[in-house]
Amino acid sequence: MTDNKLPSGHTRIDTLEMRGITKRFPGVIANNKVDFNVRSGEVHALLGENGAGKSTLMKVLYGMYGPEEGEIFLNGNQITIESPTDSINQGIGMIHQHFMLVETLTVAENVALGLPSSRGFLTDLDKVSERILELADIYGLQIDPDAYIWQLSVGQQQRVEIIKALYRGAALLILDEPTAVLTPQEVDEFFVIMRQMVADGHALIFISHKLHEIMDICDRVTVLRDGELVGTKIIKEITKSELANWMVGREVSMTRELEDVERGEARLVLDHVSCDSDRGTPALRDVSINVYAGEILGLAGISGNGQRELAEAVTGLRPVTKGRVLLEDEDVTHFRPGEVTERMLSYIPEERMKDGMIKDFSISENMVLREHHISPFAEKGFLMLKNIAEHTDSMIQKFRVKTPSRETKAGSLSGGNIQKVVLAREISRNPRVLLAAQPTRGLDVGATEYVHAQLLEQRKNGTAIMMVSEDLDEVMALSDRIAVICEGEIMGIVPRDEATPQKLGLMMAGESGEE
Amino acid sequence: MTEVFSATVIIGILTSGIRLATPYLYAAIGETFGQRSGVLNLGVDGQMLLGAFAAFYVAFTTENLWLGLLAAMIVGALMGLGMAYVTVNLHAEQGISGIGFYLFGLGMSELLFKMLLGTVETVKGFPITPVPLLSKIPVIGEIFFQQNILVYGAFLLVPIAWFILNKTTLGLKIRSVGENPEAADSLGVSVARVRYFTIILGGTLSGLAGASMSIALLNVFQQNMTSGLGFIAVALVYFGAWRAWGVLAGALLFSMVNSMQLWMQVLNIPIPSDIAVMLPYILTIIVLVATVSRVRAPSALTKPFDRGH
Amino acid sequence: GGAAAPEEVMEEKPMEEEAMDEMAEPFKVAIIMPSSITDLAFSQSMFDALLAVQEEMGGEKAMEIVYSEGMFVVDDAAAAIRDYASEGFNLVIAHGSQYGSSLQEIAPDFPETSFAWGTTLNTFDMDNIFAYEADAHEGGYVNGVIAASLSETGVIGVVGPIEAGDAALYVKGFVAGAEATNPDITVNVNWIGSFSDVALASEAANTHVAAGADVLTGTAQMVVGAVGVAEENGALWFGTQASQTSLAPDVVVANQVYDWSVALDEMLALIAEGTYGGEAYTITLENGGLLMDYNGGYELPEDVKAAADAAVAGIIDGSIVVPVE
Amino acid sequence: MRSRLNSLFDSLLPVLATFAALAVGAVMLIILRVNPAEAYGALWEGAFGSTNAMAETLVKATPLLLVGLGICIAFRASVINIGGEGQMIIGGILATQVGLTFTEAPGWLVIILAIFAGFIGGAIWGGIPGLLKAYFRVNEILSTVMMNAIAVQLMNFLLRGPMIDPAQAEKASKIPQTARLLDAFRLPRLAPTRLHVGFLIAIVLAIVVYILLWRTTLGYRIRAVGQNPHASRYGGIRVRRRIVTALLLSGALAGLAGAIQVYGVNYRMITDGSASGFTGSAGFNGIVAALFGQLHPIGTIPAAIFFGALLVGANKMQRVVQIPSALIIALNGLIVVFVVSSAIWRKRRQRRRVSVENDEENTLPPDLGANVPSPEEAQIS
């Protein structure tokens, strides 16, 4: 019976079927009698808007949530999955949308966690590290096994998650938005891995909001809407726009024309700025950039090359070691974050769960994080709850945040809806300067479209926007100029019409773009 | 006179510092395990008291010190089991349930003492067991290697704890459960099982801490004989930044300064006794200020883990 | 002559005794103590005395005793005092100097109830408050005399809780006695800042031993561990408040034992006469409230015993005045 | 109607848990040959049986409530303040010194000054760990535990020396206590019981703390810092200052409790060498009260009264049935454990209830917003 074994030695999962899964949360039915199935040798896409219930369904499968109703069949036999241990034993693995990494441990320790060790009671981290390097080599995922997670950028952390899954070699692998934080090149490499796995007989479930990825890699697609199953289709039998239409219920336009906008004065000036990373090593080296009113400056680069530090240096969150930051000609280099905020600089941080919002605060409380102390949200030190509530309601409506109420804890929203709350807060204040890090990461197509529209709206209003993104399509679609950053240095700034993916890609890899 | 003193004093301070540190070490290392897995146990003092009584009573009635030791460990483990059930299964607020267990141990140990013994008694505790050879080394031997067996045990516990936490798969699980239980859980690590283990281990060690007092160092039992020692032990875990060696440093510092202040009074150094008694507390804080630690607490400390909502 | 008082009273007041018998109403005493009735120290000394008095009066039928122990919270003690008083107890003893303020507050509301408190001599000029005190320095002095005579190293160690009240008094007496006997003696005193820290108390004793002490003493309930240290190191021990001989029969030489029944007897006599307070009592060596309790198991040299007896006699006849300032 | 019943059950849950703990206690009582009915009768009698009993309960609850309010503030900022004992002591000492210094001043003025002094004293003793935490990363559990011990010794030192009652200074047995405050300086009483206005002050402060935490920008910041310091800093909140503020306020409320104990109950400071003689362990029990009250200032009011009743009633029980005080302590421990464990049922019920309500909602027409097309704005749908 060797032919139902995978190369890794796992038993193949020929079919896995979820029937009638219902999962409720306070105020929400995240999954309502959902049927879903996946088989060996296919990539099955799970598609749906933010908050449709994709992650929930997968967490039920992985044993992290106990469903109220429903059954799971493996190779035709009913099984019970009550904890991740159960699902792991059944050969199921999962890469989570919100990383499941222990920050204070090293990469190798994270990978080794929960696995039997070759040295019994003792850890065998050397062996694990070796194997990680092997895997990294095979799949082109560069990673230092001895690095601590907290030292890694989001993209690198995503790689660790992938390695973790590969290392364990599950027969069925759930991939919850693994590509959201990967560069296009990394996505390509990742797809190579996925194809290999499928060919070997693995079953893969792939969640992504990027339709072209789904068209590219998947065999079948299941669409969820508001927790309900819409249907399952074979990818070959459907086009991308049909898919978008099917999912959102209307046409979505993905390409945009930039309206001509008069470029204004330099609102944000970085003048030979340097700063250090959390580790104390130099993160930004002598960076000089101007961002002008009415333009979108795209900052392209592979995650972890100083983008985060740059934004934090500007916003007062990180001490600047050299150089100056000017905001509308005022030297704000050593201002506190609050003082920078007061000068109407908005910042959409990359790690929104950690930096951008307070999970246990309600949506309304999060909505006024920056302006809780000023009119109309506060008078003489007292919060104006009514004004806050009204503002929040209008934001929820405008940004279509899917939530039971404005008093819902922000942390219980779906990944995409959390983003919307942060975006709504930052954009709605009509900032003079807007720093947006990965503004559409994790958003569904409809939401992405809306955010893009909002950014362009701000641009039209004369806001100076710096958009940090790894998504070259997005950068090229929206930016007037594109700066490329690599290892804390600006490799060059390219005007929109001169930018090509090839050119940008080379610069991102460290080649100077001097003309 | 003073010449005689200087050598005597230093040896004296170190020897009694080591003795004083013993119960702190047991309790604080136990607490370190718990906190590393995300559980704050403020009931240490109560566990110590019940352990101290169990050890004393069993040793007193059976005249077998080892049985006493065993009794202390069992009682401590049972207290730990209770704490684990309440915090892991019932998701009770950790700090407050710890205080509850503290009160329970404080009261129960005294009640049992009253019912079973009635008055202060003494036992012949663990004798001083010089370590062969090592105890012959001048000065050092006298300080470190002429102690009773539970003192050695406490100091041995430090490298063992370090080893378990940093070099074993169990330690890896403990650390990850305390830092990110969701992540550990998602990899099939049973958060509940790990926490049960560390809390029960912590209780067992607290029981030993009590036994080290009642049948090794002091050889008596009296109500509330720990007088809040368990709370200091919890504080020392913070001093040691959740590291076994750090806890050792804290316990030694605190105990040494304490024995130093006893000597200061004996040497007639003219400061009011109350101020002298304050010294270990003040110095512990000052040292922490001076050695600014960047280590933060385990992220999941005090947070119950509840999968599935 | 205090011990004879109650009998006299009984004889003089046959009517009352009869009345009491008829109603079969026992004399009701309540006591509030900071520590526990088994602390081998301050609280136990009073509770034992009450039991002795009860025995003397004819057991539980004649005298009912109730107690509240562990009343270290002043505020709780106040509630207990008031409660006992309102329940018709004849005598409410607040056994701790920290209870004075509360008593001063409560006593006026219960003129028919007798209150007693110590250790102090302050009755607040109220006629239903008794006060009592122990001249702890007297026995301390005697202990000091013996200690200094027996010390071979010339170093003595003292372990105390906080330097105040009864403990301070005892230690002053002890030091005076030791120094009067041997002017060259060194008496090292350690105040550990706590009444409950057994570990620190015993480490203080260790420190004394390391500093050369071959004789130790200490006061309050946390010294039980220190006695063990003395025993382990073959140092001699002197107890106070209650007998600690049972803790280390080999090394305990003598204890100053408080026998409050002396004061209690007098109070009861006055109460029987209808005087509910206003008097202050001091237990002393002279009135038999302080007893030197020698450990029969320890062979005290004749001359030392003689010196001790001389000290007792001197204190009683006033030829020795123990300096306490 | 059903929801009314539900919330009634929720608020009764701690009471039920207490009964469960008392049932366990009954077994212990029977072992001690005590009739549980009689014992618990006495407990009830002692806590609520008469006007006086109720007054005693409220007197006991007052410092618990004040400390508990401080705990609400600190814990909301994720600061674990175990320093209530020390903060009460320092507050008490400073307040006492005011009364001993201004003997000529009118009573009301001295009381106001003393309350202020207590506030300041506690603020200092809480502020130090706050500064240490914010600027030197010294963990507050460690520093507050240490500060408690330091406060006790400081109190012993002051009451033995500089602040000792002049009458005691002359005596051989120097009782470590201050002189008694003048009668004019006592907090006015409510009704002819020991209940003093300190209780009303505490109730008013509970409302103030509620407003502070949920209606002011300062409270918003304190809570934000407690939930997520990163995001708070990003939002422009000065994290370290707010940590100091939280501990400072927390300490100040405990210090106030100390002042009120002196001016409302003891009328002087006196030490038996430990903290609890003066504080009655309110510095610790206040934490329990606050957590019973779910760290909500208003919830802390009944929680403090409940706990106060327990302490007062238990003392009465000890008197009436003559059991060792140790049993009372153990029983209190059991009650704490049982009550805190019972919270899970409330949580579970709440969760179940919400999903049930959600079902009901779903029979209503679906959310309007979802169906309304909005062609103008390219809205997210």
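A, B, C and D are the chain letters, set down in written order, and residue numbers restart from 1 in every chain.
The definition used in the following text is that a residue touches a chain if its C-beta (ideal position, glycine included) is under 8 Å from a C-beta of that chain, and two chains touch if they have at least 3 such contacts.
What you see is a predicted model; the values in this text were computed from it and never measured.
Undergrad: Can you check which chain pair, B-D or A-B, has more C-beta pairs in contact?
TA: If we tally the C-beta pairs in contact for B-D and A-B, the bigger total goes to B-D.
Undergrad: Let me have the rounded angstrom distance from the C-alpha centre of subunit A over to the C-alpha centre of subunit C, please.
TA: 75
Undergrad: Quick one: report the Å distance separating subunit B from subunit D, using the average Cα coordinate of each chain.
TA: Once rounded, the distance between the two centres reads 28 Å.
Undergrad: How many angstrom between the C-alpha centroids of subunit B and subunit A?
TA: Computed from C-alpha means, the inter-chain centre distance equals 45 Å.
Undergrad: Please compute the C-alpha centroid of subunit C, do the same for subunit D, then give the distance between them in whole Å.
TA: Measuring from centre to centre gives 37 Å for this pair.
Undergrad: Note the residues in subunit B that touch 2 or more other chains, in rising order.
TA: 110, 113-114, 223, 274, 277, 309
Undergrad: Could you list which residues of subunit A touch at least two other chains?
TA: Within subunit A, residues 25 contact more than one other chain.
Undergrad: So which stretches of subunit D touch two or more other chains?
TA: Expected reply: 153, 156, 160, 324-326, 329, 351.
Undergrad: Could you list each pair of chains that touch one another?
TA: Here the touching pairs of chains are A-B, A-D, B-C, B-D, C-D.
Undergrad: Which of the residues in subunit B end up touching subunit D in this complex?
TA: Listed in rising order, the residues of subunit B that touch subunit D are 46, 82, 86, 90-93, 95-97, 99-111, 113-115, 223, 231-232, 234-236, 238-239, 272, 274-275, 277-278, 281-282, 284-285, 288-289, 292-294, 297, 309.
Undergrad: Which of the residues in subunit B end up touching subunit A in this complex?
TA: For this pair, the touching residues of subunit B are 167-173, 175-176, 179-180, 182-190, 299, 307-309.
Undergrad: Per the contact definition, I'd like the list of subunit D residues that touch subunit A in the complex.
TA: 214-218, 220-221, 223-224, 227-228, 230-238, 350-351, 354-355, 358, 362, 369-370, 373, 377-381
Undergrad: Can you tell me which positions in subunit A touch subunit B when the two form their complex?
TA: Going by the criterion above, the answer is residues 25, 62, 64-66, 83-85, 88-89, 94, 96, 99-105, 109-110, 112-117, 121-123, 164.
Undergrad: Any idea which subunit D residues touch subunit B in the complex?
TA: 28, 32, 80, 82, 132, 136-139, 141-143, 145-147, 149-150, 153-154, 156-157, 160-161, 284, 287-288, 291-292, 324-337, 340-341, 343-344, 347, 351
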